[in-house]
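Here come two complexes built around subunit A, the first alongside subunit B, the second alongside subunit C.
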Partner chain A sequence: MIYFIIRRLILTVFLLLLVSAITFAIFFLVPRLAGQTAYQLAAQYVGKTPTPSEILAVEHKLGLNDPLYLQYGRFVKGIIFGVHYNNGPDVSYCPFPCFGYSFRNQQPVWPQLISDAPVTLSLAIGGAILWLIGGVSIGVLSALRRGSFFDRLSMGIALAGVSLPVFFTGLISLELFSYKWAIFPNVHYVGITSNPVQWARNLVLPWVTLAFLYAALYARLTRAGMLETMGEDYIRTARAKGLPERKVIIKHGLRAALTPIVTIFGLDLGLLLGGAILTETTFSFPGLGQFTILAIQNQDLPEIMGVVMIAAFFIVVANMIVDILYAVVDPRVRF
Partner chain B sequence: MRRRRIFAATAVAAAGALLISACSSSSGSSSSSSNNNTTPGAVAFNAGISAVVNPSTHKGGTLIFDNSSTPDSFDPGNTYYAWVLNFDRLFVMPMFTFKSCPGACGEQLVPDLATDMGTVSDNGLTWTFHIQSDVKYEDGTVATAQDVKYGIERTYDRTVAANGPTYYQALLTDPKYPGPYKDKSPAGLTAIDTPNATTLVFHLVAPFPDLPDVLAFPSSAPVPQAKDTGANYQLHPVSTGPYMFKNYTLNKQLTLVPNPQWNPATDPNAKQLPSQIIVNLNVSQPDIDNRLIHGDIQVDSAGTGLAAAGRAQVLASPTLKANADDPVNGFARFIYLNTKVAPMNNLHCREAVEYAANKVTMQTAWGGPLAGGQIGSTIMPPNIQGYKSFDYYNALSQSTGDMTDAKKQLQLCGQPNGFSTSMAYRSDRPTETAAVTALQASLATAGIKVTLKGFPAGSYYTDFAGAPAYMHSHNIGMAAGGWGADWPDGFGFLDSLVAGNTISSTGNSNIAEENNPVINNLFTQSSKVTGAARTALWSQIDEQAMKDAVILPMVYQKVVLYRPSNLTNVYVQAFYGMYNYAVMGVSS
Partner chain C sequence: MAPLLEVDDLRIHFRTDDGLVRAVDGISFDLERGRTLGIVGESGSGKSVTSLGIMGLHQGTKAEITGHIRLDGEDLVTATPTRVRELRGSKMAMIFQDPLSSLHPYYTVGNQIIEAYRVHNQVSKQVARKHAIDLLGRVGIPTPQSRVDDYPHQFSGGMRQRAMIAMALSCDPELLIADEPTTALDVTVQAQILDLISDLQSEFGSAVIMITHDLGVVAELSDDILVMYAGRMAEYGSAEDIFGRPDHPYTWGLLSSMPRMDREKTTRLVPIPGTPPSLIRVPPGCPFHPRCRYTELVGGRRCETEVPPLREAVTPGHAAACHLTTEQRTRQWADLAAGQVPDDAKPPAADEATGEPEAREPA
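The block that comes next holds the complex of A and B.
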């Protein structure tokens, strides 16, 4: 098992390096191939009516005049060893893991990512707990009461949940619960350390909005899995052996039906941790999703690189955890 | 110029014939701030354009601003966004500012840190200013003339302060000065002398009567060299204004608290009423509008007005509408007609476009008469000093297009059946896209076929529309644009648009490439005269440029601003075209 984990960790590092190389190529190499010069790129970060010498100075400061392999090497080196950058009056040091220096804000990227991450973590983890519990429970109950009013109602709601985009359900929930009835007035992010009660109160609507989308999907998946599993011979055997129905459902039915749920949960959570763009934008939460939008709007390449790397990290790590869990469940995966 | 740079703010902006009304003296301490000359406005639609609404001297409370985007920088030497120029007055004192009062009075430039409007030498090349001797920073030390000079010096290093205007480099001697971080000589910027702690002497390369207007940018606020943190100065600029930074999380939230060292007697155009000011950044626009309407926040700091849904809600309700203002804010939307690209290099072809364009459909595309703006027939909008109304192409009398005259002009330009050309626009701006699409449709009825060429806003001026070589090589004869003056006179509005010497190979704002000696001479004259004689020149330039048909005006933009009932001392400051952020209070 340890070898398996070590192997997976090495693969994770390799994958992240690959992602960084591909991302760097997309944002730095491809424009060059399309004819963009370092001078033109630098001109985007010099403000209004710059002189050629001012553009050259910025090009030099940002290192855009160096060969691309050097720029990429500097980026990777910065992640491992940190980076010194010129502040104007002095030189500052951005320690490991420095994801570069924002072209637009003139601030190191990593502290900004770290400052935004708790918002996204709060949103994603809380939402994930809600949708996992809600979605799986509804899915199981629907499967067990197939064809009933509850089944049809819950699957109808699930269909709506899957179909309605977050920016719609989010705005509706804000309109109803924040403005019309003021149950959750003036929703805005409050840090858990500054006020845990306000943190939770302000997150309820985003959690529910997020959970509504994902729970719907999980309910449908769980229902389908349960229906298939509950028709298996070994379920009939378990019942024939006289096992209590609850044990049959939970230990034999649900356990088998959960395998694909665990897989997709890892992917969804990993993806969300990289930035719940729509939810954060709808509720104006300053997380990684909003950071991503702003980085793209500002064409701030180091910030885009940084957020892509963070998103890739979460996805790869979530997949690694899923793989490890699989290995625990099914030893054949280790080989 | 600066407003062209407000990416998120572009969809709106407004301009306006602001009613002249009594001015607030805004003098003295906030607790005793007299409104002797103020006409308190009743709560009514557009009341905030001409009078102070909810006048109050109440101290305390938290004033909350939301913004759907982020500032370019809170470093006073590194900003060009209109709302930041307005907001900066809460924590810095530039040399000059615009008088805090509603109506046209708010376009009046007055001394802020300076003691008077300065004196200029006979040849116009040397300006001498004196500053107040008792203005203190938040740490209690006194701001000096050397600090003002240092603040200006910082703006020369574009690797640290890239966002601000570049007037100093263009106007002052020593244009190659590299900034204080690279230049360690004791003299520093030789274009500015500081013979003592309260005197500054500026040396210009050519006479420039508007120098005090340039010094109204926050970059003229003093910066103590010992406290300069370069690129990090945006995180905590040292305050000389009524408020100071308590904490700022970059691009998320700023909290200001009263500056205990601020003396209201030295800063009569600002007040210190709320006990705390919070600015939330990157808030979604629908959320901002809802919070405003429900009184959860007090100001949408972008000053670009309500979005469509919020606007509809406010305008449909008489109660809510009474809390709204619809000013024209000095920003104009238009189409450049290029004088170098055939067949638009023919005056009559350009005039055909002027006549044929349906101004009503373009106005509708911009958002209609209230949220889009009023139809324009001149380059300068009405709130610019020197504005004169005229209508050479029947934009006002035949707003849906004058096809008879358009056909005549097509005959004269040798294209009786019309012609083909291309038009550049910013494809990532929905309203601009809608406006050029409407124009394309109306010109088609006159036989003028326009191919739309969309470009990203971020590189529109650097690589495409603002690069004459690109326009020529791709036969692009028209380009969408917009403009707001850096200061409210004709020079501030017209110079970059139609002066021949402003044509540049990249970042060009004179996209029509207008280089008419008559206009150029008028600009030259403008540096030699002052007062009414100078003001009269602006309308002459405007008329000549319109006779040359180098710009097709679309709208003088308007925005629907909302003021919650708990916001006090609120009125539109004419120059900014948004509420005056320096004097606001909150009632609860």
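The block that comes next holds the complex of A and C.
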């Protein structure tokens, strides 16, 4: 088990390096191959009306003229340890983890990213808990009452949930619960540290909107998984032992049906942590998703790179956790 | 004393979109403590449905069960689901065909036995664990104190079935149903498992129902044998009667299609022609008549129109459902037992026309 985890950890580090190389190549190698000079790149860092000397200073300071492998080395070193930019007179230190400087305001990217992360974190984790509990329990009930009114109703709603985009359900929920009935008036993000009650209150609608989409998917998956496992021989064995039906369903049926759910849950959560773009935009929450949109609109390469790396990090780590969880859940994977 | 298990005119029907499936259609038998009943038949003859019916495992499905199943005088057909659940695992237990898929892959073997024991006994986990180790040792698992923490996939096929048996015996059941317990196992392991079951039976004094399509298995273990065909009883009697003087053409077919050590190797095995009938459209009259070689002896169209009742023949307690007269049956079985192959089961003429018989003629 320990070796399994160590193996997975090494693989994860390797994967992250690979992601960084690809990201770096897309943002620095490809433009250069397309004919972009270091001077042009440096020009992006210095505002709207730069003087050539300013541009040259930036080019020199950030080492944009160095061979690409040196620049990549500096990029990785910056992420892991932080990096000193001390070519020329203007010395600055970009502390770990350094994702470079934003074009827009010449500030390091990381602190901006990190200040937006709690919004996405609150949104994604809260929503995930909601959809996991909701989706799985609806799925189990549907499977046990297959063909009943409840089954048909919930599967119909689930179909709607899968099909309706967040910017539709989100806006409807805002219209009804925020404007018309004012149960959650004036939805805006409040930090959990400044006011936990307001934090939760303002997140209810986004959570439900997000959870609705995913819960629908999870309900369908759980239902299919339960229908399959409840037909397995070991369920018959569990009943033959004389176990109460509730125990047969939860301990023997659900346990086995949950394995694929765990996998997809990890990936979904990892993906969302990199930015719940639609939900954040619908509710105007300043999270990583919003940050991404702005970065793309401004063509701010370092910011985009930062977001891409963060998103990739969440997905790779989620994948690793899923693999380890898998081994915890299913003993056959361990050996 | 009343027998431990009395099954009386048991019928288990399933209503499906294609029609009514008469999976079990009028089965009756008694089983005393310490005795073994073998239920034999082809796939789809209703063996497993019968055993699941006794265990009450059709509850919650669309099965319609009529008749009586009395365990120690208590009718299981009319008992509440809760009551049947209490009896399940404690007073009656079951072993299944495929031990790998019958054990939960995510729990250790020990945990699964502990769970079975603790459903019916209010004991601590430690006590139950000791009990599980003890049981695993008794069913012949080496170093049970360490194997108890293994998962089913770490066990071999034979050991898994041993573990299943240990689980079934955890609450000292009075009735043990073994549904094809050796079908999924290697031949060498099969014999070990059968020995184990009969050893444990004499140790625990349980009654055993052994369900199989393998006549060798029932011959070895059973006191009584029930031959099932298309959900009905074809023949019922003691093992000596069934093997010594079988009374039903279907039983003859089963026996003639089985290889035997005491026969010449050149003796051909005689297969039963055709396939078992669909349980939705059971043939009218005797369900076996489309595959039976002896309908002409009965004469007329009786086999196709009239359901043969289960009649006792010569020995008391030995009954068969066939229209043939006792004399006809005695004569036909005598021929078969002497190794005479029925006309239509002889090898095709092409085999004989090789000219070899002439060459073998003495000069």
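Methods note: the second predicted complex is superposed on the first by the 290 of 335 C-alpha atoms of A that agree within 3 Å, B and C clash if a C-alpha of one lies under 4 Å from a C-alpha of the other, contacts with A are read in each partner's own complex, and residues count from 1 in each chain.
Note that in this section contacts are C-beta pairs under 8 Å (C-beta built on N, C-alpha and C of every residue); 3 or more make two chains touch, one makes a residue touch a chain.
What you see is a predicted model; the values in this text were computed from it and never measured.
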Partner chain(s) touched by A:198 [first = subunit B, second = subunit C, both, neither]: neither
First, second, both or neither for A:45, with subunit B first and subunit C second: first
Which of subunit B and subunit C A:137 touches, first, second, both or neither: neither
First, second, both or neither for A:239, with subunit B first and subunit C second: second
Partner chain(s) touched by A:186 [first = subunit B, second = subunit C, both, neither]: first
Residues of subunit C that touch subunit A when the two form their complex: 55, 57, 60, 85-90, 93-94, 96, 98, 101-106, 108, 115-116, 119-120, 151, 153-154, 164, 167
List of subunit A residues in touch with subunit B within their complex: 40, 43-51, 54, 57-58, 61, 86-90, 92, 105-107, 112, 115, 171, 174-175, 178-179, 185-186, 188, 281-284, 286, 290, 294, 297, 299
Subunit A to subunit C touching residues, read off their complex: 232-234, 236-245, 252, 255-256, 329-332, 335
Complex contact set, residues of subunit B against subunit A: 1, 5, 7, 70, 80, 154, 157-160, 162-166, 169, 181, 228-232, 234, 249-253, 280-284, 286-287, 290-291, 294, 296, 458-459, 462-463, 504, 506-507
